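Before anything else, here is the set of structures, which you'll find just below.
The same chain A turns up in both complexes below, where it pairs with chain B and then with chain C.
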Partner chain A sequence: MQIVKTQQDATLTLALEGRLDTLTSSQLDAEIQGKLDGITSLVFDFAKLAYISSAGLRILLAAQKVMNKQGSMVIKNAGPEIREIFDVTGFSDILTLE
Partner chain B sequence: MKINFHGLAFKQSAMILLGISVVFAALFGFGSSQIQERMSRLLLQKGEEISRANVAVINNLFGSCRNFGEELAVKIGDQQLAGTELDDFLLRSLSGVRATVPQVLAVVVAYEPGMAPKGAPEGEYMRLAHYTENGNVITDGGNYQETTWYTSTRDSMKGIWQEPFIGQFIKEPIVIYTTPIFSTSASGQKQFAGVLCVDISIAFLKDMVASIPVSNNGYAVVLSASNMVIAHPKDEITFKENFGSISKSASRKRFDEFEKAVSSMKSGLFLGSSFEGDEAAIYFTAMETIDWTFMIVWPADSFLEEQRSVNHVFAWISAGGYLIMLVIILVITFRVSRPLKTLAAAAEKLGHGDFDTEIPEVKGKDEISQLADAFVDMRSSLKEFVDKQKGLDRIERELEFAHSIQMGILPKDESEENCCDSRHSLAPLMQPAKEVGGDFYDFFKIDENHLAVVVGDASGKSVPAALLMMVSRIVIRTVAMHLQSVTEILEETNYELARRNKSVMFVTAWMGILDLRTGHVDFASAGHNPPAIRHKDGTVEYVKSKSGLVLAADEKTTYKQQSLDLAPGDMLFLYTDGVTEATNAEEVMFGTVGLQKALSESGNRPPVGACHFVKERIDEFVNGAPQFDDITMLAVQFIGSKDNEWEKHEIVVDAKLENQPSLTQFVEQVLEPLGGSMKSQMQIDVAIDEIFSNIVKFSGANQVTLTVETCKSHLMARLSFIDGGSPYDPTSAKEPDVTLSAEERSIGGLGLFIVKKTMDDVAYRRDGSKNILTITKKL
Partner chain C sequence: MEKKDVVDYGLPPRETMILEEYREKHATFEKLLQVVKNILSESIASNSIYINALEARIKAEDSLAGKLERKAGKYSSLSDLTDILGVRVITFYSDEVDKIAALVGEIFEIDWENSIDKRKMHDIHSFGYSSLHYICRVPRALFEDPAFPELNDIRFEVQMRTALQHVWSVLDHDTGYKSGFEVPKEYLRNINRLAGMLELADEQFCAIRTGINNYRRHVQSLVRSGKFDEVPLDGDSFGNYLELRPFDSLNNRIASINQAEIHETSLVGYLKLFLFLGFKTLGDIEKMIKENSEDAYQLAAFQLANTDLDIINSSLAVVNLCAVHVLKRGGGVLELTRCLDELNGPSEVNRSRAEHLYGRAKKLAFMEAANS
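On to the complex of A and B.
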């Protein structure tokens, strides 16, 4: 999985490409863990993400919990397969999907 | 009036008249014989009265003459007189007898030659003293030896009355009594000496008979011994006619009868001919002193006149009575037969269906009027019956119509339902008992791989059963469109039927859904007979199933889903109780044993052939006995397909997270040629990720074996994760609450939750020391 990271002021945008699963989720975790200080807007671009497993959801949940305290988090361009996972697991209600 | 000679009137009249005729004839005959008998008695009486005195006079007279002759013959024989002594004696005797019997005309002695007393001339010696108007004189005579009177007396040696004749000297009828004279010889022997004759005039007889008054034109007649008429009121008949010859000419038989009667009886009545040859009644009396017959003759004309007049009166009365009877009979008969005729005409019209025909009104209270009343009743009953029959015809036609609709709604074969499929073969067979029945069957595909089969039997018969059957079938079909489990379908159907079931009817049904890929059948029964399975090897068994309540009985009924598995070649045979309860003339049922035997003997026939084979066996069994219930069968044979075979692949990896990509890669390689959707592939990858990571993290196993089974024809994949770790059933884990907010959420259990949600089936089992988790996914 590749992660393209762009920061503009307090907005951090992470564009993911490939699979977000047990193995690759640690990669994303490393990009976020302890690096959200000062960030008020976190944006995930899932346009090129093939799929997401529960390990990925766990990171998204953790990030959402952090951003609930200091700003907002938005997931952009999620494909129907990923949206379905969100729907099934109730993440659609927690996350902000655009 | 036209007379029908075969009609009741004519026959009856003829029979009655015949009877009356017989009675009249008998009466007439009896009356006639009575009259005749009375007449005969009367004539007998009359004849006797008239005859008695006259016969006594004649008897007396001839008796005196006979006695006189006998005495004289004895005296002459004893005294041996001759010459003048003899002459004087004869003259004295003649004068003496004539003093009392003036009819005596002469006394004659004729000696046998040589037997005359002494002093008499040789040869013939005959002395004759006879009466003349100038006194008695004596004369001589001769040539007597050959005369009848002499020879007959000499031959018979006794006194004889000779046949009367007309005298030579005195021209009047004379009868002679001749008797032999005996002399005593010197030796004392009695010898025939000659014949003594007494000549008696019988002219008085004519006067006598003429003077006898006889009523009814009757008259008296005297006959000689040879039936010569010697006294008759008419001169021309006397001594000229012989009664025998007259009677003979009339009727020989009658004369014989007469002679017989005269010889056997002293007196009697005889019906014969008069001297004129006419019918006559004759009273006769045989005389004692002379063998003559005294007769009183009544010509038939006169004596029968009375009888005839009585008969005429009787005949007239009879004829009159006969006529009156005839008229009465005809009147009665035609009175009876005329209404009968009109009734017959009315009946004929009725027979031709003219129920408005006028029934003739018959007055009175006799049998004919009762018959007419009965006719009126019959007409109205017939009319009612025929109207009803017309109604029945209509109902029957409508039933036939309903039957055709009903049969039309049931699919005849698979092509109608677009169920044709190489993986199975199916055939129904139905023979309704009446025009419309309560049995039904159905088959339809729920999806590509699932075939539903149903057999049902609505309670009751005829139209109500047919209506319920059609409704049931439609509801099952409709419900099956959005429900996939057999229990749901039956429960929903039951609910729909039960909640509007006001007529307390019910339906039994057996429904199965066959997975055409595997031969697996999910089924449920609503009080229906368990179906039979004919295995490929020919053995037949009944499906063991637990049945729920019949449909439409209770809205809340639930059904238990059961299952069975058909091997390729097995045939599932559904039927209704019309099959097992088909009954023969001995009231024996075909039974489950009979069905099992028939199916077993159907060999490897496909469903169509098997159904017909069973039907033939049932027909043979009942042998023409009437069918009381619908006979319904539905046979479905599972054939299977080579495409159904599952291809199996396996990979073994160490239980380390870094091996996950190789698992994913392996699975992708296996599934790629099947050409499934990207989404399915992605979901499978997620599932591999979740399950493998779980095993690695929690099981403690060293190795994980992954088998991948694919079915090309159905685009199915089955992945089994096998590990030797501690027992763990992830399917039993508590599902996460997906409605909580982000802060409340714990992340555990979410992975397997995703797997359950995205896979078609997730199953866990523990096999010995191994955990086996299998996921199935349509690609």
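On to the complex of A and C.
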């Protein structure tokens, strides 16, 4: 999985490409864990993400928990397959999808 | 205090001595202010009384000089004046004045002879300034400081009043008619009319709060005893209902499909969806759960069974229940989108989610029955 990280002021954007699964979720975790200090807007760009597993969902939930205290988190450009995963697990109800 | 700070107010000898005593003891009064304020705020907080304000002040020197001039000959020493330190507790509700009074009576030594309940001083024809004043001392058992040996002998005043009584008092003082300035009777009458209105408003606020508290207790009791049909659906009742965790059973069943973990989130926001669906009582939700649980489970199973997703959100049961409820009544993508718009705010995402839900549901038995 490729992660392209861009930061402008307090906005951090992570563009993911490939599959966010058990094997690659630790890669995303390493990009986020302890690195959100001072970030008030966290944006995930899922335009090129093909799949997300439960492990990936858990990383997103952990990030959401942090951002609830210090700003906002948005998931952009998620394709139909990813959206379906959010829908069937009920996470569409708590994640902000654009 | 340096000589240059001392103002000569031209008072008689005894009053001048009282003023000098005031200057000498100013540090003790400052200490007393801090002690009293700390003790009171801690006690009020520990008794869970929510107040509007706790204020404390030491009488300003020029204000004391003015009083001594106006009442020359009345006071022999500073200890005769009980309002050099004044503390004010402002409550929201009139019955909380009594709670604060009980607390003050418990904490401090009260000089009952000089304490006044002005609330009881009005006759049937008058309204006006209403406040409860206690003259107090700090008992040595409660606080003692060798650096301030006289602190426990000093009397201070605690005024207790509601926010509306406080507004009245401030505005009444501002009109200045008590200063001897002749105010036309029509203005005095209007001031008294206003006082009567504020007294009524205080009573009404108390009555409304008591009514709401009684309603909440009644709802809690009905919910606990399972009399859901008798409980109107609103924020209070829904909150109480959620404490019974009515969606757990279905969530657990859905979670068991993939041995999934349930991520807990608040379901309070789903009240607006139930109201949008026209539900009037908690009984309507109970009925929906009973009638639709099996089909909601089938809908979730149909979506999850061919995945390895082992985490679900705790909203899943209620979303699937509502979806089945809407679809069984002939609703389609449009109605599902409207529900999601109501729940999450209008968005393009809602339409695609509704289409997905509908696409899955139409393959299930309950849809065939609904469409036949």
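By our rule, the second predicted complex is superposed on the first by the 98 of 98 C-alpha atoms of A that agree within 3 Å, B and C clash if a C-alpha of one lies under 4 Å from a C-alpha of the other, contacts with A are read in each partner's own complex, and residues count from 1 in each chain.
Note that a contact is a pair of C-beta atoms (placed from the backbone, for glycine too) under 8 Å apart; a residue touches a chain by one contact, two chains touch by 3 or more.
No experiment lies behind these values; they were computed from the predicted model shown.
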Query = Taking chain A as the common reference for superposition, should the pair chain B and chain C be classed as clashing or as fitting?
reply = clash
Query = On chain A, which partner's contacts cover more residues, chain B's or chain C's?
reply = B
Query = After lining up the shared chain so the two structures overlap, which partner does A:A50 touch, if you call chain B first and chain C second: first, second, both or neither?
reply = first
Task = State whether A:R58 touches chain B only (first), chain C only (second), both chains, or neither.
result = both
Message = Contacts for A:L97 in the overlay, against chain B (first) and chain C (second): which applies, first, second, both or neither?
response = second
Ask   = Can A:S72 be said to touch chain B (first), chain C (second), both, or neither?
value = neither
Message = By the touch definition at the top of the document, which applies to A:T11: first (chain B), second (chain C), both, or neither?
response = neither
Message = Going by the contact rule set out at the top, does A:V88 touch chain B (first), chain C (second), both, or neither?
response = both
Where chain C runs into chain B (options 114-122, 132-140, 168-176 or 312-320) = 312-320
Query = Which residues would you name on chain A as touching chain B in one complex and chain C in the other?
reply = 53-54, 57-58, 61, 80, 84-85, 88-90, 93-94
Request  = Please give the residue numbers of chain B that touch chain A in the complex, ascending.
outcome  = 657-658, 660-661, 678-679, 682-683, 685-686, 689-690, 692-693, 736-743, 745, 747, 750-751, 753-754, 757-758
Remark   = In the complex, chain A touches chain C at residues 53-54, 57-58, 61, 80, 83-85, 87-94, 97-98
Note = In the complex, chain C touches chain A at residues 260, 263, 265, 300, 303-304, 307-316, 319, 343-344, 347, 349, 352-353, 356-357
Touch list for chain A against partner chain B, complex = 19, 21-23, 50-55, 57-58, 61, 64-65, 68, 80-81, 84-85, 88-90, 93-94
